[in-house]
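Structures incoming, each one as structure tokens.
Two complexes follow with chain A in common, the first pairing it with chain B and the second with chain C.
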Partner chain A sequence: MPKMFDSSVPPFDRLRPREREAVVDALDIAYFRSGDVIIAADQKPDHLYVIIKGHAVERDPDEEIVNTFSAKDAFDTMALIKDEAPANRFEAAEEVIAYMLPRKVFLTLVADNADFERFYFQSLTERLEAQAQLASNRGMASFMIARVDEAYLHPPITAPAELTLREAARLMKQKRATSLLVTGFDGRLGVLSGTDIREAVLIDEQPLDMRIGDAATFDIHTIDAEDFLFNAQILMTRHGVKRLPVMKDGRVHGVLELIDLLSFMSSHSHLVTTQVDRAQTIEDLRRAADGMVPLVTALHGSGVKIRHVTELVTALNRKIFAKLFEFLAPPEIRDHACLIVMGSEGRGEQILRTDQDNALILRDGHGIRPELIAGFCGNFNRALLAFDYPPCKGNMMVTNPEWVRTVSEYGDALHRWINVPSEFGHLNLAAFTDSAYVAGDPALLAQIRDSLFRRLTDNQAFFSFFARPVTMFDTPIGLFHQLRTDRHAQAGELDIKKGGIFPIVHGIRAMALEKHVQDTNTFQRIEELARIGELEREFAQNLSDAFAFLLDLRLKGRLERQATGSEDGDNFIQTRTLHKLQRDVLKDSLLIVKEFKAKVSHRYKLAAFS
Partner chain B sequence: MNVILHGMKRALGRRRLKDPEYTFLFEPDGSDEAVCFDCETSGLEPATAELLSIGAVKIKGNRILTSERLELTIRPERAVPADAIKVNHLREMDVAGGLPVHEALDTFLRFVGGRPLVGYYLEFDVAMVNKYLRPWLGVGLPNRQTDVSAMYYDRTIKRAGAHDYTGTVDLRFASIMEDLGLPERGAHDAFNDALMTALIYVKLMEDARPRVD
Partner chain C sequence: MKPITTRVLAAAAGASSLCLPALAHAAGALEGEVVQRDTNVTAIIMFFIFVVATMGITYWAARQTKSAKDFYAAGGGITGFQNGMAIAGDYMSAASFLGISALVFASGFDGLIYSIGFLVGWPVILFLVAERLRNLGKFTFADVASFRLEQKPIRILAACGTLTVVALYLIAQMVGAGKLIQILFGLDYIIAVFIVGALMITYVMFGGMLATTWVQIIKAILLLSGATFMAVMVMWNYGFSFENLFTAATEVHDKGMAIMAPGGLVSNPVDAISLGLALMFGTAGLPHILMRFFTVGDAKEARKSVFYATGFIGYFYILTFVIGFGAIVLVLGKPEFMTGEGGLIGGDNMAAIHLAEAVGGDFFLGFISAVAFATILAVVAGLTLAGASAVSHDLYASVFRKGRCTEQQEIRVSKITTVCLGVVAIILGIAFEKQNIAFMVGLAFAIAASVNFPILFLSMFWKGLTTKGALYGGFIGLIVAVTLVVLGPTVWVAIFGFEEAIYPSKYPALWSISAAFLATFLISKMDQSEGGKNEAILFEDQYVRSQTGIGAEGASSH
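Here is the complex of A and B:
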């Protein structure tokens, strides 16, 4: 008899000796290559498969992976018990060696052994519960993933540019509209709001017969009717606008008002945004910043996709920084400097308030007194500390003179960092690669990024060195695809940053730097790399999904820690607190990370170094 | 082996066969199956060693039919040397309850039928069986034979490409298992070794099979 069969594994441990013998006598062993179909959808299986080695996945008709199986897992018990063809397909995600237990033997065991039977029916209940849980999560999330055209849209009222302000005001009253769409003198689409009329007449003291073409806003943002409502909210938050023309088939379909969007999704985000906007003092701003954690908790709890949470948090953080800059920067600095954020803040992947990673770029020959600059930097840093943004551990902050330089000084520094490879230099380059504009003159950052891209063109040797850390940490999946957790560190916890998040971020960063991708956000970089053909589209999608899942798990861990007041181990997640479905997706995500690491390693010939 | 040559040898063997009971060994096999087998012996020299046990398992496509397996213990005609006991863990008392060698071989031959044979350094195992078969039936095993060590060697050379070829391929059983990422082998006995060899065979065959997408 095959000595490898381990009958101590549930549910086989519930069998009586004679039944175990019957099982062992009936087993065959099958081998499947990676990608081979084990059970086809709509095919009644004749066997129960118990994995000896390898990794199999269950895909639904939409090709989504709904379950994963590794050593000692069995499938598809439900199809055998119900005697029907599974709707899903089971295939080998990598080479699989599995026992095949004939259906008849399995069903005899289910019928004869109550313990054995209960095992499956218990799991069936658990499975159903898990499914119900998922469905309700989706239900909660549905109001966030609603489409723009599901919200109330005001009918578009178009007016010619020649109309006077008075006529426009009458038209709005008559139509009970809060805004008009204006066709500009040059044919561009603009928006005229009540606020525009009020400001033109009362503040700028324009005559009432001023033409609306001169008072409307033409530099407007629009949104597609098919887009997510949540994106409309982000767009409004980011640009501080209260309405968006909604486009359908290239034409204006209606107008989405912020108030309607809010009545559609009563989230806190607008409250925080409004608070930031209305802040008159630093104290006001601090109070607004305090609203972020409850906001993120609420969004995460309602099942909003992590990517949307990070986008919103990023938009808010940038707004807070920009407002603070506005409060604190003297006019000279506003005109001749550019405030940037770097690292995860620059990539827009901040999920809670984490480290301050910021820098100041000064125009060459700015002529500002050093004390003035130092004074501003000190104040800025202190204010953020008071807002609970912890200082950057690597001291990448405006209080460090290394990060307050002129454009040409940064140019020299870049030259050094590139040509004298060191961990320090590469860390700085990585930070710069991920930098994003906050306030001041955006052209200053653009100049530096351009020169960075230019200097690195065709420098393969640099990239093999730069990309090396991607393979530095082990991705915690063992040979048998059980999750491996660090034995030395917290037992049962998994360092999700080293094992999963960092390799993706850094590998994608290296590719983005190599291919001059301007985006700093990892999701956007992945999309762009797929668009220009550097990543296979399907793989890019998987990678994005895996990345989102890992970020999501990390956020979950952090929120839990915040709730319990524990501070340490920010990047560790408790593998045993995850339920099977999460564990399975985690395993899957880490497999994709592993595949990605192999790709990066091949691309930059990293294997040659180790 | 060349197909025509094999056919000729078969035809020749058939005429030499002393006992028509065993004509089935020469019948064309329509089962689409192969048999992987391994022997445990009292020594490494076929001329002097004795057969102690035979383990065999059928293979069909990507499946190893462990539900149809053969595990035979044979009663040796002479005492088993101590060093063989150390290797096989087959003590005299273990084999004492075994079958007489001809009875065991009869069962084995009926199990194999006309199916091709698979093994690891198969030549030795076939020589061991033939040593008993020749004086008894006038022929050796006529079945087609595939040695997994040769398959593995070819594959490794092919993969390495001409310029990386160093002339040495580690053909030790444990090395092959490890290189192919197959699970650790359990107890060292004839059936288990046959099973592991079957795994190597199935994996090498499947990997070489073109994918249908």
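Here is the complex of A and C:
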């Protein structure tokens, strides 16, 4: 009987202690020489094999390798669960030492432990979620996964509305509280903070015997104890409050203070937001922007869904840009121009700080002196550079006169991009399709987007042309569902942008443009396309999941690279470093990409043009 | 090389004389005569090497564009020159190469009428429709017509027209490929057709990875080089003097001096006009050709590509002319190419193939066969795609399911259609064995000119066109064309085996085009419905957009 059984290997980490014991009792260890058959095809296996050391392969009847297994991988679970002989043969590719878990024990586990069973019967969505769960179990739990009641909550100190300010201050001192909960004259719940007292007395010169019912804030937000801390943080950020009463079973359970939330957090998200909000100078803003990379790293490390990370980052980036616009733009520009972001920034899929893709739309007949505009654009660009937002490689920036135009000039440009298609035109069009408002007059952007949609109504030929890049790159998955990695410059790596992210983004973009979907974010576009019936619900869900997973992998790769300081191959991921579950999900995701490409190709008749 | 015995399905009568294969009386079905024929191992090896190489080059070329570094590199489309090549490739189908050289071989000078007709179709497309289609952003006839007309009836009509055209066109390719395989491998014709059909289905179903454009470009280059070599070899034999060549030809050919005079193939003006109209206007109605205007970036490149294509196609037809005469002098009467009855082995359609052997030996025979075969596969792929799309999109999705079906279902229907088309092509390919394949393509053009072209043309140029008019007019064109073909010598005599054709001419286009235009006009005029009036109003929108590309929201909101 083996003494050491690593029960942290999924799915054995789901076992209860008693079950773990049963497993350890029943386990045996087997040794296979290289080339030995572990499970023959067409033979019902009696054991589940979990590799301790070595490397095994699964071969189909044509002798093709369809799967490989290394340490901690288990096989052949499907054969055991379905109680049938596998069609494929499992053999040792090198010396293999493996645990053997008797079939009976394994099936008992499957029957008794729902968590364990689910591991084998998951849809892609479930698998992904299981993986997120996994990441958080690895001791990286943070405020994002944490519930509100896991943070330190101040005991609620309730005071009647009739109390005077002076009495309230005494009570707070005595209880060492920074706030009181006030039951209003009408029974409503309010909050009285030190700030409220200070403002009432020192600024509004109210008497010290003013009743707290008149000084407290009653229009308050509360949060449920079961809710995510993440949401509490968003609530605080959005409403600029420093504390939230926490509700449990309909009663006030405690008070969550910002300071405690902050100390709980492993990230600086709130700091960044407040820093941006409070920035008085460009220098303040720059300091705030510096907090972004650690923030993303922390959020991602906490297993927060990639979608939420990007949402947060996007909101922050836009905030920074808007604030900067406010600092730098002269009043004429503020009134007669609209600052937009384009490309991934516009789609809100920026994860780390990437290129600045921005443009300025001017009102027709704005009458602003050209030097003034040029001056602002130059300053804006320089400031962003100083913030470490790298310049756009395609020069899609306000410093490029191509991207500072009036509404009607943009109209002409759109006409050219559509009717004289070129690499450049489609690139611009794609970027512009994804543009989002940052600051200035939003009507200017709306006007142009509207005319873009109108122009393209019913123009199938354009869409066939526009969608063509979707099928430009092969999906890196082979006939036998094996991952295909680069053979040349990036050997062993897989270009996840060309292979998966780009086809989804661009295909969905083309469909969104065709169907006049206003959203710019790919997830939202998918949802909207599903809502109007252009994508089947289930497929839309799978596509979203696959897209999120691919983004997640890419971010992981980038963060690793940033840690090692290498700049190259931003879109490449090492397939070797993925563990089995990740590899499986990657395969599933790429298969969905493949299916999506087939749909797009059919929809826009791309086969006839290739 | 060991001699084997082959059964060749030869016609009992007709094959002995060198009359047009189209007129051959394929009366008895299987009274095969036994012909001694060597299995040409060298040629077969070369054939395989070249087929694989052609596919390989195509795959490689397509990958070169696919592995482009930049995401929007396809944005500009291919260049006008490349597209010109691709269009030429589409045109240089087996029908043109094998069929026209066979016509010249059989009838001499008059064989050129097809070449000229095909060529003249180009400016018609260019001036009348190409630019407008681009501006409208539509690439199928159905899409253009349903811009302001009612979707459902128009799509039904379009699907019927397209399927008929595709079927006829497929027959031509099928016969060409079947014959090729038959004489190269010494197989039974029926077996050869089955093999070819199966290959075609496989190719279309799994050939998604092969870029059609590149197949056409590569094939155009190979075919042009091959044909040039043949023509040069023929001329070299006659000291590069046409006079010597023609003199020699008139001496060998049964018809003597008549092959240098018009009237050998098309003897009366009605036939000539009929054929000419079909070839000229049919091009604009061909489903897979219209698409070619959209592979380039803009209208300027589209015009350029037509310019280049016209050049290549013109040059190619001159070559086929020389090849046809070359076959007369170098193949005709040579015992190794003739059956006992005095006909060509494999029929007249194989004249160019035999000439390849005569001028370049087994090596070159293998090359030309391989190129012709690859050509056929490529054209079939384009056609089948068009046919499958007509059924899956126009019939199934738009009409049958009223737009309520998933892409998945549409793709499945399209795959099923592909298989059905393949099966139909095999059956018809066997039935039409004796037909000249250029003539079959001519029929496809006639249908296209009678159904698709009138509606396409009127919907863009005539405000008064209504849905009813288009629907009835189009169907009348289709019915008249098909009926005349069936009652004519091609089917009534050659396939059904009757003594005399009810409709004496082989060329229906003059009557069917006129009928279609007339019916469309009259019925549209009589149509006083509300819908008809609205359609007239929508014409203005469409007109502006077709002229400028700026538009006016879609007339129909679909």
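Throughout what follows, the second predicted complex is superposed on the first by the 345 of 610 C-alpha atoms of A that agree within 3 Å, B and C clash if a C-alpha of one lies under 4 Å from a C-alpha of the other, contacts with A are read in each partner's own complex, and residues count from 1 in each chain.
In the analysis below, contacts are C-beta pairs under 8 Å (C-beta built on N, C-alpha and C of every residue); 3 or more make two chains touch, one makes a residue touch a chain.
Computed from a prediction, not measured in an experiment: that's the story for all the values here.
Once the two complexes are laid over each other on the shared chain, residue contacts for A:A461 go to chain C alone; chain B is not touched.
In the superposition on chain A, A:V201 contacts neither chain B nor chain C. Using the contact criterion defined above for the overlaid structures, shared-chain residue A:L189 touches neither chain B nor chain C, since it reaches no partner. After overlaying the two complexes on the shared chain, residue contacts for A:P469 are found with chain C alone; chain B is out of touch. When the two complexes are overlaid, the chain among chain B and chain C that reaches more residues of chain A is C. In the superposed model, A:I97 lies in contact with chain B only, and not with chain C.
Once chain A of one complex is fitted onto chain A of the other, the partner contacts of A:H426 are limited to chain C, with no touch recorded for chain B. By the document's definition of touching, of the two partners only chain B reaches A:A26; chain C does not.
Once chain A of one complex is fitted onto chain A of the other, the partner contacts of A:R603 are limited to chain C, with no touch recorded for chain B.
Residues of chain C that touch chain A in their complex: 62, 66-68, 70-77, 133-134, 136-139, 143, 147, 208, 211-213, 288, 291, 294-295, 297-298, 382, 385-386, 389, 406-408, 410-411, 414, 549-551, 553-556. Touching chain B in their complex are the following residues of chain A: 1-4, 25-33, 35-36, 52-53, 95, 97, 100, 102, 479. Contact residues of chain A toward chain C in the complex are 415, 418-427, 430, 454-455, 457-462, 464-465, 468-469, 472-474, 498, 502, 506, 536, 598-599, 602-603, 605, 607-610. Contacts from chain B toward chain A in the complex involve residues 62-67, 69, 181-183, 186-187, 192, 195, 199, 202-203, 206-207, 211.
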